[in-house]
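There are two complexes below, and they share chain A, which is joined by chain B in the first and by chain C in the second.
Then we have the complex of A and B:
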């Protein structure tokens, strides 16, 4: 495990030097950003098996608040990051407390409904720029605005945040909470019979997931300096997180990172082939990936890899007795 | 009394699956709960574990009213259970399954792991500890359910048909395990519909039929009871026709 961390760290630290130029630097930053939000989604959707299709709410809260504190009070956008986390955790509680009483599907449906509702409200809310959206500082007033022309500073900021998210996930995975979440996913009735306070742990996971998703939204707003209802709260944002985690391997530590490394460049390529932001093509790709995952590998790529290794181990174990004899 | 159920009734809509059942379990007992299929054993059992809230009646455990308490409270108070259809965590290994139970009393990973390994030793699953639950057969999964429940350090362990679907050799092994657990001081309530097995195991038998307790007492007395013979043999005769 330690070698995986070191190898990944080395590859990602070196990337901007290996593939230089604005295009690749920006793509690298976007991959890391998607890996952050995918990993955040994974805490709840992957480990606890509570699929959310409304994480754009938290992403949007994270994206809007930095630009709001700038437009309202002229504060550096980063000052809005903790506020975004607070708002996201609050919304998480409002959604989670009533729906976690019910069966799993109700949570998923509630997230879709609330996310669309929030998008509609924000689209008509003048304080938040309504349909036009909010912008950050046009010219940087100082380093504290974290407004850079190059993508490289963002790349390294995102890399540091991703490292934190993955370390927290890793610690959680090994702790009581990780075991409890996996037990809840496998069967919450049996989990409860072993003393697992299922609702409380789902809420913990949702709050943590919402907080990290919000951070991803804030980082996006810092880099792009602009957010509107589509780029901050659109349903595609929620679906992208879900697909990135499912493609790489929901409920695995590095699954979302792997998913982001595959999906983001793929999206970039198709967008340039079909021109513009090409949201039609995006839907087609997402639909195709969902079908491929459902048909061939419901556990995603990381789990396919684990299954392969397990089979190899078992074959090795079957050989062993001959050595002993 | 460690566990005391009074006038417990459970209805599903208009259908009453359990009607006015009284049951007292003293600490250290090993009780067999028998009755033909559909008699209401599992339903009553699920009322005792908090999986179902009884429609009427009260249940007390160790001086706590647990009538409407959720299953996790039962676990914390010291009631462990298994399921008639094993509900093991399929993608987790044997050790991980048992650790979920052990975390109840041992919040830290290392201690939970040690406690789980001790239970795995007791239940003789050490060789399988790194296998995923889904790779085990029915006997293995039933054993794992017992191990997992034991890891919560229960004072009362409720087994729902832990022997059903096992071969005679596997039944012997499972019975040895049940005796071993009883010897550690755990009180046991065992649900079975195969009468023969339970008679040699339990000290006291409670017989269910059509949602009611129709007899209880020492195994020898219960088998001679007219109503019990009727409930079992009457069924068999009806089947033959």
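Then we have the complex of A and C:
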């Protein structure tokens, strides 16, 4: 495991030198950002099996608050990051407390509805720029604005945050909470009968997931310096997190990172192939990929890889005795 | 007087909501699968109506029937080609499957027809009916009446016919139904087909008075979810009453608070239902 960390770290640290140029640097930063939000989604949707289609609320809270503290009080946007986390955790409680009493699809449905509700309210709320959105500092007033022309500083900030998210996930995976969440995923009632405090741990997972998603939103706002209801709160934001995690492997540590490494360049490519109406084609491909994953590889690519390795091990084990004889 | 008119409009709109929500509730109740592509089924129904009218000069009867057939086939295919294979999987993979279908339908439509809003001519079905000072537009009246008739028909089919009993038998116990000589796969495919056909008819009916765009399904799907949650999962009569209620609430809030708020009120109502009475008004569990 340690070697995986070191190797991944080396690859990602070296990337901006290997593939230089603004295009690749920006794409690298976007891959990392998608990996952060995908990993955040994965904490709840992957490990605990509670699929949310409303994570855009937390992403949006994270994206709006930094720009709000800037437009209202002229503070550096990064000051809004903790506020975004606080708001996200609060919203998480409001959704989680009633819906986690219920099984199955309720939580998913509630997240869809609340996300749409929030998007509609924000679209009509002048303080938050209504349909136009909010902008960050046009000209950087100093390093504390974290507003850079090159994508490289963002790349390394995102990399550091991703490392933190993955480390926390890794620790959680091996802790009591990790076992509880996997038990909940395998069977809500069974977990409860074994003494797992199901609702409480679902709520913990949701709050943690919301907090990290909010950080991803804040980082997005810092880099792009602009957010509107579609780019911060649209349902496609939530869907993208879900797809990235599910493609790589929901409930695996590096699954979302793998998903982001595949999907974000693919998205770039389809957008440039198909031009203006490209976003249509991109999401047709997204939809196709999700259907194929669900139909043939519900565990995602990471699980497919693990299954393949296991089979190889078993074959090796089966061959050995014959040699001995 | 205006209030009465608003309520009448809400009831007629709500009847159409009830029709397409009953497809969702049928499948949800029968096999505990949520079809996240449901709203996009409605959208496809609307485009079928639009295409038949624009390119084949078909009238309302033709395009409603065509839409029913197309969506029946799409429903059956969704089950046999996709949902059947993920039924035994995790909740996430079930969700992903229909979500993927939703994205493909929505964005393929977007790709082909662009995001432009389209509509059918307003005078396609009659004009306006004046009932003692209450003005009712004919398309809404026809849509509402047809929708109520079909929703009641679906309820009758489920409760009073042999096919309905077989469908319910499969939903109660798949294996026991199989031992009774019922083919579960065929019945579930039929349920998807029926749900699709009802949704298609609802879509074609809505198209006579509603804007048509690739993303319209998103809004309508949420309405359907609210109707199903409020009416109780799996209950067709529940969907009918909840649909009428949601229609009235939507029209009233549009009239009293402004059109922007009609969806806000509905989603807030949904969250309130989840907080207060998650099993819905007529839910069983």
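To be clear about the criterion, the second predicted complex is superposed on the first by the 312 of 325 C-alpha atoms of A that agree within 3 Å, B and C clash if a C-alpha of one lies under 4 Å from a C-alpha of the other, contacts with A are read in each partner's own complex, and residues count from 1 in each chain.
Methods note: a residue touches a chain if its C-beta (ideal position, glycine included) is under 8 Å from a C-beta of that chain, and two chains touch if they have at least 3 such contacts.
Note that the structure is predicted; figures quoted are calculated from it, not measured.
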item	value
Which superposed partner A:117 touches (first chain B, second chain C, both, neither)	second
First (chain B), second (chain C), both or neither touched by A:196	first
Which of chain B and chain C A:250 touches, first, second, both or neither	second
Touched partner set for A:180, first chain B, second chain C, both or neither	first
Touching residues (chain side chain B, partner chain A) in the complex	49, 51, 70-72, 74-76, 80-81, 83, 87-92, 96, 99-101, 103-104, 107-109, 112, 148-149, 151-152
Complex contact set, residues of chain A against chain C	45, 49, 51, 53, 98-99, 101-102, 104-106, 108-110, 112-114, 116-117, 120-121, 124, 185, 235, 239, 242, 246, 250, 277, 279-284, 286-295, 298
Complex interface listing, chain C residues touching chain A	28, 32, 34, 82, 85-86, 89-97, 99-108, 110-111, 114, 218, 222, 225-226, 229, 260, 263-264, 267-268, 270-271, 274-275, 278
For the chain A and chain B complex, residues of the former touching the latter	174-176, 179-180, 182-183, 186-187, 189-198
